[in-house]
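After the structure tokens below, expect a handful of questions from me.
The letters A, B, C and D name the chains in turn, as written, and every chain counts its residues from 1.
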Amino acid sequence: MMDQTVNPTPFYPLGHVGDIIAFRAAVAGWLNATVPPDWRQNLTGASEETYLKFQNWWFDQLKSVGLATPHWPKSWGGAGLPLSHQVVMIEELARIGGPMAEMFVVSLFHMPATLFANGSPAQCDRYLTGVRDRGEIWCQGFSEPGAGSDLSALRTRAERKGDVYVVNGQKVWSSFGMHADFCLLLARTNPQAPKKNAGISYFILDMRAAGVTVRPIRQITGRAEFTEIFLDNVEIPVENLIGAENAGWQIAQSTLAAERGLLIFEHAERMTHALRRDYQALTEQHGKPLEDAGLRREFTKRYAELTAVRLLIKQMIEQGEHGQDSGLLAAVIKLYWAQLLQNYTSLMARMRGLDAQRAMPLSLGTGHNSGDYLSDFLQSYGWTIAGGTNEIMRTLIAERILGLPR
Amino acid sequence: MTAETEDLAALREAIRDVLSTQADRAAVRKFINSTAAMDASLWAQGAELGWFGLNIPEDDGGLGLGVSALLVLFEELGRAVAPLPVLGTVLAAEAIVHGGNAAQRAGFLPRLAAGQRPAVFALPGLNANLLLSEHHILSGDISLVIDAATAQLAILPASGVGGDPVFCLLDLSQANVAVEPQKMADLTRQAATITVSDLRIDPSAILPVDAAAMANFAGLLLSADALGAAQGVFELTVDYMKTREQFGKPIGSFQALKHRAAEHHIALVGARALLAHTATLWETRHPDAAFHTALCKAHICEVALTVATDAVQLHGGIGFTWEHECHLFLKRIYLNNQLFGTTATFYDTAFDGLAESFSRAA
Amino acid sequence: MMDQTVNPTPFYPLGHVGDIIAFRAAVAGWLNATVPPDWRQNLTGASEETYLKFQNWWFDQLKSVGLATPHWPKSWGGAGLPLSHQVVMIEELARIGGPMAEMFVVSLFHMPATLFANGSPAQCDRYLTGVRDRGEIWCQGFSEPGAGSDLSALRTRAERKGDVYVVNGQKVWSSFGMHADFCLLLARTNPQAPKKNAGISYFILDMRAAGVTVRPIRQITGRAEFTEIFLDNVEIPVENLIGAENAGWQIAQSTLAAERGLLIFEHAERMTHALRRDYQALTEQHGKPLEDAGLRREFTKRYAELTAVRLLIKQMIEQGEHGQDSGLLAAVIKLYWAQLLQNYTSLMARMRGLDAQRAMPLSLGTGHNSGDYLSDFLQSYGWTIAGGTNEIMRTLIAERILGLPR
Amino acid sequence: MTAETEDLAALREAIRDVLSTQADRAAVRKFINSTAAMDASLWAQGAELGWFGLNIPEDDGGLGLGVSALLVLFEELGRAVAPLPVLGTVLAAEAIVHGGNAAQRAGFLPRLAAGQRPAVFALPGLNANLLLSEHHILSGDISLVIDAATAQLAILPASGVGGDPVFCLLDLSQANVAVEPQKMADLTRQAATITVSDLRIDPSAILPVDAAAMANFAGLLLSADALGAAQGVFELTVDYMKTREQFGKPIGSFQALKHRAAEHHIALVGARALLAHTATLWETRHPDAAFHTALCKAHICEVALTVATDAVQLHGGIGFTWEHECHLFLKRIYLNNQLFGTTATFYDTAFDGLAESFSRAA
């Protein structure tokens, strides 16, 4: 299916913008016609190469109907979709259980959020076009072995020498670094800065530059989605500095705030459908609907939390639509979701009994509802640890929302 | 879920305003230390402002503002741990709105709405031992009827001929009805045992009542009350954490306590979203409203109990004293957890509804 | 029953020391003959005066067979019972559900532990005899409104003036202060000491001295077991200083370590019997043995924890018997027990449903198994907050046992 | 509960010594990265030291050291996440000790004790589909049999005539038996599906087996393994907390993390006491031994899972990597939770036993 030529369909969702019911129908129709029904099976036990091909294929499909960059403004070649329509698109994608364009998350969210706010016109032109037209893949180079929750401790060094910065150091936890064309890189340009947050600059790193070595990190599911990036006298041209020298810390905040709303929304919508499938599977497995009162109540409690977090996400999206800052609500949602996901997947693994303990071939790119319940549980640490650990989120909520003293 | 409408926000502010003087700490304390079964002046104030008729249709003498308005009232009452026996009256009105004939609606609802007839409503259960004979003679007793200590009117469950439950509307001031107040651990509310001796019930006073729907409706109000109370005690706790010092620092700067407070915060935020959404489902008569209501009762009361239990702990010694208000919240929330069904039973009801909703959608 | 004259019984447990089976039989026989079967009913809704009388009566009963001070050495008029026999005594007391001599806890444990280690011969003579022969009641004056978990912050001031110390300040959380004859008092004698722990001295305070005012503190159960003690120019004779001036902090450690083992043992043994009664009552209430799977498993989990904590307590007692320091195990047990007690009583309150929500007359001196489940739950904060909060215990365990850095 | 006896402490030290070289991180890692179904050199070492016969009576060729010794072995294996498929052999031996005839005891037990015949034992359940015909012909399959990938001998449940469960002792190397290995999420252990085609079973090879007792016995060993693994991963975690720095301080100095570590510590201390006590009940053949065993399986595996789940979180990113050993512990404990019954079912068994014990004492 992956090398089939793009089949022009009668569905063209962008032709229905403004009529949300028609738009939904067009999206659903297009998805039905486009998503291969066997895509999950095909990616189970698949090679990384197959996965890469499929992600690229899926991006091309989306691109062919203008839905690869739905949230980008029209001035940058995006669809400029109203948030309400993006929501519909995600709802329909979740309903049909379609693929996530997970390899493009940094390309679609973090990179543009950073460049829209801080990039030079030339940078925007070059790199936004690269994603839009050529599906270029970006990764993020923030964390380091000694700088996880505490980014300000980063030690990767960039020294200006003429027209280039010479960079040395090591990055870690960069998703899809092995497939990436470019990297959003934080490096220290002024080691003498009085505050550790100052003295950091923000670069665009070409992953094919000399001195860049990428090593995949296998995670506890067996999947190698993360990478380490080793930087050995890598030269970055000065025009690849984003914003001012030593202003990297501030710029990084816009990167970090980029993704939250819609990504968690997509995950939560997918869990909603997964929960229903899980309910049906468990009912079949046990002959009746979850007759064990203890487990049944745990399941129902998770449903209550899922309902709550979906409502909070919608609230955040609406705030965004009204141009309100929803950063603190986003922190609440991140923590709430991370714990819910871990508790739900763990419950499912337990409810499935010994069957869930088999080693199963990896199901690449199926998120946290691969059907391999134990893997889904293990995968959930991606939410409780990455992008701000639960612990960091709790401290942030206590200090910034509740006003408790540092 | 959207942000609260302006109307509801205004109502909330108005109620909070009244409670901040009529049911402030001193007033609540005074009530608790008195022998009164209710705070008559707060009741009169509530009556004047139409609180008892918020959800009664305008044609029946209420304000017709819907369930959302009622939930705002209950949330604010919980937040203030206000000693106002309003639950019984609101439930009785709901039963009459749905099951009363024209005469009963006309005869009772305007007076219930105006707070002129404090009322109660009860469901069948372990504490209900009323029998209605073939000849419509009611006898027996029912205990732990919440708000009954001050009620004049009651809709009570009885075992009819053949054991089927029936609901009888009766005046509590009659000679063959005795009301024995029962204090509860929750100091802000009271219950009573109602004993009936050979009272003739007019056939028209036997009301058709959907017991499951009424349990759900009561559960919704109780979850709003619990959420408000949890929010109230949590605010107290956060304030205390900012000022109380140990080891030379405010205790709110200790990370372990901070993290617990953050968990309480997100649980309350989630609970509030769930409740507001459920109110919307009610207003649109959505078929999922009933099971979401059960979910609210189970989940919100559970969250509230967790928050209130830890609030006492976070207060340390002072939270363990009678003089501090922490325990008022904890006890009120605990009672809410047990009224009209427990967390366990409401989770079960919610699950059944969820399963049904799945098969409806399939 | 409370004014009945002591009826000499054929049981004299102390005559069987060395033969543990015979000792157990004698204790059980004596308890059967002595404990009024209706003592709980009599103390339900009783006045504080009735309670005081009953506690004194019970102390006298114990004294009459030499069991009031079973753990004191014979040289101080105690029974000098081996630990194994004290254990038996407590087991039998728990089995029959007899009264706790709770008003005498400080008299029997804290005061002697302090004086044995630090008291002058004259102090030992006067005050140990007072408890042994006259049942004098002691309370503890450590905590202050501004010094709860952080005792070193205490501000009560004792100034030496000739032959007396003049004391001013306020104490709080003193159990049974309203009935106490004496108080173990910590006060600051040197406000200029460089470390806050230094500069504190340890006194014996006569509660009848001029300037001592006691105000009961009602707790959330409605019971007023605690008191505040106001000290207004109270004169304490210099001979009532325990140990050296400014050595109070060290001495206080021996006081705090005094009680743990046997008291928690007694509580845990009582819970073991209560759990069985609760099981039977719930089985009767619901017609069958806890058919709700969720609650049943919670109940069983609590049973597992109760079994575990009883084993740990026995381990600690054995360590004590072998002269080993068991302070760290005691901290583990304190935290484990406090949480178990709170979880168990809360579970019972929930299992009992609406019935447990009635206001019930206080059942004085029946500990945490009064039968009023909600009260028992509320009472459990006495364990999670007093004598080192759960939070203090967790920090202590993390630092002192696990060696985590401060 | 008393402190461990000197004998057991010496045994523990001896086992730990061996494992610290034969099953250190490098050895475990090597096994995981290999295609081998078991670590033959570790097996040989265990055989030489008599590990497989610790609980087999001396007359049958074992060391006769009792259940306590076996629990020490399993705890140490768990602590090292050692890839040693010993559970199956020990269970098979237990079944033969209790249900084998003299010839079977003599024929199998010394070889099981000496590690010469790796074996397995399975219970009836969802994965078991073996039928024993009237004429003693065994057919069908059973999946997810733990340790079966390397076993030569098996005691397997079949559905006999009339559906009653029977247990058949069979040699797995026969022509009409196929063993298909099944890798588990737990990388340190393997299972297999055993398919039998028309195999004649000698009547003497149908063993009387007390299935409930065997489930309990397996549960006891698994809880020891889980406790050891939890202790192992907790030690790793505490060490990591002492050295890993963030914000200029070791993360172990952060109070919220400290408090979680303290909770894990006390839970593990309690679990250890429960297990040691249960071993004593076994050795004295106390009637409460069975339900305490179920309590161990439910409670200890639950505690262990909580500790291991949080251990990964406390390690942060590094704990989420394949290269770090955290996940080996977590997965092993998770499997233990599900083997021979779940936490939920073992709590139920424990409750029934507790209730029975109450009525026995009444």
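Just so we're on the same page, contacts are C-beta pairs under 8 Å (C-beta built on N, C-alpha and C of every residue); 3 or more make two chains touch, one makes a residue touch a chain.
Please read these numbers as outputs of a predicted model, since none were measured by experiment.
For the pairs C-D and A-C, the larger set of C-beta contacts lies at C-D.
Among the remaining chains, the Cα-based centre furthest from that of chain D is the centre of B. Look at where the CA atoms of chain C average out and do the same for chain D: the two points lie 43 Å apart.
The distance from the centre of chain B to the centre of chain D, each centre being the mean of the chain's C-alpha atoms, comes to 51 Å. Rounded to whole angstrom, the centroid-to-centroid distance between chain A and chain C, based on C-alpha atoms, equals 56 Å. In terms of their C-alpha centroids, the spacing between chain B and chain C amounts to 40 Å.
Among the residues of chain C, those in touch with two or more other chains are 292-294, 297, 391, 394. Across the assembly, chain B contributes 254-256, 258-259, 344 as residues in contact with two or more other chains.
Residue ranges of chain D in contact with chain B, taken from their complex: 254-256, 258-259. Those residues of chain A lying in contact with chain B across their complex are 276, 279-280, 289-290, 293, 296-297, 299-301, 303-305, 307-309, 311-312, 314-315, 318, 332, 335-336, 391, 393-395, 397-399, 401-406. Across the interface of their complex, chain C is touched by residues 292-294, 297 of chain A. On the chain D side of its complex with chain C, the touching residues are 1-3, 238, 241-242, 249-250, 252-253, 255, 258-259, 261-263, 265-266, 269-271, 273-274, 276-277, 292, 295, 298-299, 302, 344, 347-348, 350-351, 354-355, 358. Partner chain C is touched in their complex by these residues of chain B: 126-127, 144, 182-187, 191, 245-248, 254, 256-257, 309, 312-313, 316-317, 319-323, 326-327, 330-331, 334-335, 337-339, 342-344.
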